[in-house]
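Two complexes come next, and they have one chain in common, chain A, joined by chain B in the first and chain C in the second.
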Partner chain A sequence: MVFKRYVEVGRVVLINYGPDAGKLATIIDIVDQNKCLVDGPTNLTGVTRQVIPYGRIALTDLTVKISRNSRQKTLTAAWTEADIQAKWDASSWAKKLSSKKKRAALSDFGRFKVMVARKQKSSIISKKMAEISA
Partner chain B sequence: MTVAGKMRQYQVVGRKAATEDNANPEAYRMIIFAPNAVIAKSKFWYYMHQFRKMKKTTGEILDCVELVEKNSRIIKNYGIWLRYSSRSGTHNMYREYRDLTLTGAVSQLYNEMAGRHRTRPRSIQIIRTATLAASELKRPNGMQFAKRNVKFPLPHRVASAKRNVKALSDKTFTTNRPTTFLG
Partner chain C sequence: MAPQLKVIGNVGPKKATGAVATGKYYPADDIKTPLKSRKAKKNAPKVRSSITPGTVLILLAGRFRGKRVVALKVLESGLVLVSGPYKVNGVPLRRVSPAYVIATSTKVDVSSVDVSSFTDAYFARAKSSEEEEFFAGDAPKPAIVSDERKADQKKVDAALLKAVESVPMLKAYLGAKFSLRNNDKPHKMIF
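Coming up: the complex of A and B.
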């Protein structure tokens, strides 16, 4: 099994527990085998510079080219240069997260619309299947 | 003492009470790690009457001020020399920690000594602390993280049962075996 996602300076992570849950951050330094120093950058993602244990983060595929302990200005510049936010939003992981959020926030009318749409989709599919197999 | 939460660092200055034949006794300054100022002052007298002929009733504390970490935004390597009593004797020890603040490293120390050696905080005396450069580290654990370009995967992610997670799965029954490697 080859490892592709490493804990390293510059790795973009998704925080999945705690007050900043659901936000992106970058690893700017590693404390030890249990925790790392992470920064948003604050003006782009809302995560302030803090120590966070690995159990609270999920590593993503994205990395940023920074050196250890970079300041927020350099980090922000590197983020915008690498266009991390756009790359993240285009990933299927981010899309799944946002669709889950949308579904959880649906009203009853929204859920009704979803049901109708699914029925329409399945009727189109079954008509096509009948054409192909006939 | 109870060590609830994070330790703080205090500078406590005290001296023997002034008398007619000794109007200006020598003042002594100690750096004390304690959870609050009350315990810090108490620890000051604990140490002072071990080292000098001075105790709380015959002395006075001139100043007790909390020392705050100068730069709590960068990770530093700390070496801590301590003396602790175990069940069979008292020993000296030297431990190293990586943390943002000295007080964070001292909190780590107390927790680790409790976990590894069952020492209660009352049995630990911190002799000396120092901030170390990466080249001065002696223990292998800190040394491996103080290098540049450290990089490692997280091969075994265990979902914590403390967080209401039903050991790796949110379903009661499932058809696939759980996996601990998440990408």
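Coming up: the complex of A and C.
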């Protein structure tokens, strides 16, 4: 089994657990085999520089070109140059997360409208399928 | 209740009968203050802040359980006056207890609906004598809806339907019944 995403300096990660859950951060330095040093950068993602265990993060496909233990200023510059936020928002992972959030925040009327929309979509599909298979 | 302090001398406004502006006067006999009434005082009914005129409610119990209904007014007894509208889901002008209701965050604009004439007295049951009821037995009595009720229903629903139809899909929403499905987590659902 080949690994494609590595824990490395510059790897953009999604924090799964803890007070910063749901936010992006970058690996700045590696502490040992269980934890790494991570930074937002704070002004872009809201995650302050901290040590975080690997069990709390998920690796993404994105990386930033930085050297080990870089300052927040260089990290911010690298992030904006690589346009990480836009690339992340365009990924299907991010889109799924945001649609889950929206669905959870729906009111009862919203859920009714979703139900009607799903029925309409399925009726269009089944009509087309009947056409094709006939 | 702290006892009333009697003021001697020149302090404060004079309560004495025939208040003369003479400084050192105070009445020789005690001024009788009426005893505090022990009758229960009636305050305005307190109902959840989420239930306001125009809120869509989900009825949880009673004949119309599961129906989505528009709240029109909070009556003096604390019950909520509600209407389907009747044409949409069969719920007439009715009183409903706020304890058996889920208030959704959906609101309808009911400023054009006039419900000022409806009070608890309007819904009070007609008094039938004990003898009549005793002789009638336990057979279910046919529900007779008075013409007055029908006319009032038409009047209120005319304005209410207009408000409902102005919002897309709201009429179909009110016509549909609420129920819990598999994977629904009511404690996590936002209404």
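To be clear about the criterion, the second predicted complex is superposed on the first by the 134 of 134 C-alpha atoms of A that agree within 3 Å, B and C clash if a C-alpha of one lies under 4 Å from a C-alpha of the other, contacts with A are read in each partner's own complex, and residues count from 1 in each chain.
What we mean here is this: a contact is a pair of C-beta atoms (placed from the backbone, for glycine too) under 8 Å apart; a residue touches a chain by one contact, two chains touch by 3 or more.
Every value quoted in this text rests on a predicted model; they were computed, and no experiment measured them.
When both complexes are superposed on chain A, chain B and chain C fit side by side without a clash.
In the superposed model, A:58 lies in contact with chain B only, and not with chain C. Taking the C-alpha centre of chain A as the apex, the lines running to the C-alpha centres of chain B and chain C meet at 100 degrees, rounded to a multiple of 10. When the shared chain is aligned, no partner comes close enough to touch A:82: not chain B, not chain C. Of the two partner chains placed around the shared chain by superposition, neither chain B nor chain C is touched by A:97.
Of the two partner chains placed by superposition, only chain B is touched by A:49; chain C is not. In the superposition on chain A, the chain among chain B and chain C reaching more residues of chain A is B. Once both complexes are placed on a shared chain A, the shortest Cα to Cα gap between chain B and chain C comes to 11 Å. Considering their complex, residues 104-109, 111-113, 116 of chain A touch chain C.
Residues of chain A that touch chain B in their complex: 1, 3-9, 17, 29-33, 37, 49, 51, 54-55, 58-59, 68-69.
By the touch rule above, chain C contacts chain A in their complex via residues 56, 58, 68, 102, 104-106, 169-170, 172-173, 176, 178, 188-191.
Within the complex, the chain B residues that touch chain A are 73-75, 98-100, 141-142, 145, 148-155, 157, 160, 163, 181-183.
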